[in-house]
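Input: a single structure, listed below in structure tokens.
Chain naming follows the written order as A, B and C, and within any one chain the residues start at number 1.
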Amino acid sequence: MEFGEIVSVLLQGAVVTIKIVAMALPLAAVMAFIFGLIRLYSPAPFKQIAIFYIEFFRGTSALIQLYWIYFVLPFFGITIDAMTAAVVALGLNIGAYGTEVVRGAVQSVPKGQYEASIALNFTARQRVWRIILPQAFVNMIPPFGNLAIELVKATSLVSLITIGDLTFKAKSLADTTLQVGEIFGVVLFLYFIMSQALALLFKLLEKRLSKGLGRGGIN
Amino acid sequence: MSTPIIEFKNVKKRFGDTTIFSDFNFTVEENEIVSIIGPSGSGKSTLLRILMTLEGIDGGYINVAGESLWHMYWQGQYVPANSKHLHKMRNHLGMVFQHFNLFPHMSVKRNITEAPMRVKGMSREEAEESAEKLLNLVGLADKADSYPNDLSGGQKQRVGIARALAMKPSILLLDEITSALDPELVDEVLDVIRNLVKEDSFTMLLVTHEMYFAREISDRVCFFDKGTIVEEGKPEEIFTAPKHERTKAFLNAYLGQ
Amino acid sequence: MNGFSWDWAFAWEVLPMILSAAKVTLLATLLGSIFAIFMGLVFALLRRSPSRILRNSIYWLVEFIRSTPLLVQIFFLYYVMPEFGISMSPLMTGVFALGLHYGAYLSEVFRSGIDGIEKGQWEAARALNLTTIDTYKDIVLPQAIRPMIPATGNYIIAMFKETPQLSAITLLEMLQVAKIIGSENFRYLEPFTLVGILYLVFSIVAAYGIHQIEKRFPKEGFTLK
């Protein structure tokens, strides 16, 4: 097989990988915010549910979660296609790690900010939404960037439930041709590029937002 | 004599195993300016923080403007205050912090207008007009659109004062407002307070290490040690003729008299 | 077939098979950890080498390993190594991949641990005319190890949770065994759930163990003979 042909097959796989990242990342962010805030501010029963979600998804492996959603849920009459299973599993998994990012960032806002907002008589809701979260948000960006890279890497697992992502294409090419060195070299390079691009994106975002923190970009 | 605007009755306060107040009694009259001096760890700041509802109490009662601060009357008896009651009571109080605690993500103007708009429901125009006046008062009219991180410590604290005043509190609590400042910036902040009390009457409770300022501005000075008021009186009395040994020792150490 | 409810009899029947596969999982984790710690130290020390080219190449190598998927690295070793005449068992391939991947992560932990040693300690060692090796062995590492324990432990637990990926190169670890049982019996609920619970239990026990090690570890470091 010609090198150009190999690259073009692999690029098709990369598109699938990017699609999964593009869908799972927002899901992870939403889960991280919802359960992170529940964990921080909700009364007992909800807090317990959040802790259960977080500990469960952080305590077991992403691959087991993926298999469970893909292979076990049909036993309960919930049949979902591989793509949905992939997005849900990865979104929930990375989201669980994201709750800790949200929590850490909120707790890193100085206590004095909280006290000043009490002294100015803001309600509990206003304190969180107007004073604490806008400041915490900037602190979340770098660790969220790291999680986004973890997500890119984790998407390779979906090849094991027959989704034609970059890893899947690589493996099928490797099984049919003998050019394994080239194939996996290109694949590793493509993943590296995707991760670095995402890292750069988050760095730019952080720069913009922290400039905003000093100059009032986010109000 | 009228009812005091602040009244502590048999107040108890502990932090873990450390007792701050075992049985604390204290009153402040309306429009009285009271300075609290004393060694660190004596409970001075805790007193202000309890009034601002940043710390709860473990026993006793506190009245502010004739109403219980940490308790409310409910179904024929006094019960611990809920957040609604605390919200109502905080309207009487304003606080300026040692470390300013300005909101870094908001402009100076926004720092001052945010609470009047969101908490008091003031219109933007009204809040901004009032902010402008306050910034004039603290001499920072040109900094309305700056951000806290661009200001010097003294300027930050003047914004802190304007921000507290914007809520029109009847009682102003000043918690070591110059302790975090470089010495050369202390006076610009104290001048603001001097002007403030010249123009208007306030009930003011200040914890301070600036002895000359306390002497000049206060109606009454309280010397605090180990959670009790060891000695209190008119500034001249306390500073020139302290009666208690501990007061003398403290002032000696502080003023090198 | 009754697929909607948990079948205890089936669960009990498959549990011994999964538990015996747990031995493979734990062995891979153990060997992988040892190799990762070794690689982490090598990377960390090379990052401090006097040669700028070497430092930079190691930086990019570590960055590369960290930003590409473990699964692809496993495949890479599995398919490409034999090209160079190196053929290893799935277990050894897995151990090698885990060690390399987590070695890259651990090198950052070790690096910041070493950087956390006060400058004065290095200067004192220099003043006492200790060799570089003695400085590391007697002064730096004994003090640096304790603060590294929690992060190192967390990465080892993370590695443990990634061992199911070794199923992709036919290693008969827990998840692979569960998958085989599932496909033979058309019943995935019990085997996959059991594997999930076992991972959860092992992770919790390991986290507790690491906390204990950190607590017991002498605060003032230790002295090597």
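Just so we're on the same page, contacts are C-beta pairs under 8 Å (C-beta built on N, C-alpha and C of every residue); 3 or more make two chains touch, one makes a residue touch a chain.
All of these numbers come straight from a predicted model, not from anything done at the bench.
Put simply, the chain closest to the centre of the protein, by Cα centroids, is A.
By C-beta pair count, the most extensively touching chains are A-C. Using the average of C-alpha coordinates as each chain's centre, C ends up farthest from chain B. If each chain is reduced to the centroid of its CA atoms, chain B and chain C end up 55 Å from each other.
The centroid of the Cα atoms in chain A and the matching centroid in chain B are 45 Å apart. Between the Cα centres of chain A and chain C there is a gap of 22 Å. In chain C, no residue touches two or more other chains. Counting only residues that touch two or more partner chains, chain B has none. Taken together, the chain C residues at the contact with chain A in this complex read 3-4, 64, 66-73, 75-76, 79-80, 83, 161-165, 167-168, 175, 179, 182, 187-189, 192-193, 195-196, 199-200, 203-204.
Those residues of chain A lying in contact with chain B across their complex are 110, 112-113, 115-116, 118-124, 126, 130-131, 134-135, 212-216, 218-219.
Here chain A touches chain C in the complex through residues 55-56, 59-65, 67-68, 71-72, 75-77, 149, 152-157, 159-160, 167, 170-171, 174, 180-181, 184, 187-188, 191-192, 195-196, 199, going by the rule given at the top. Of all the residues in chain B, the ones that touch chain A in their complex are 52-54, 83, 87, 90-91, 93-95, 97, 99-107, 110, 114-115, 118-119, 147, 149-150, 163-164, 167.
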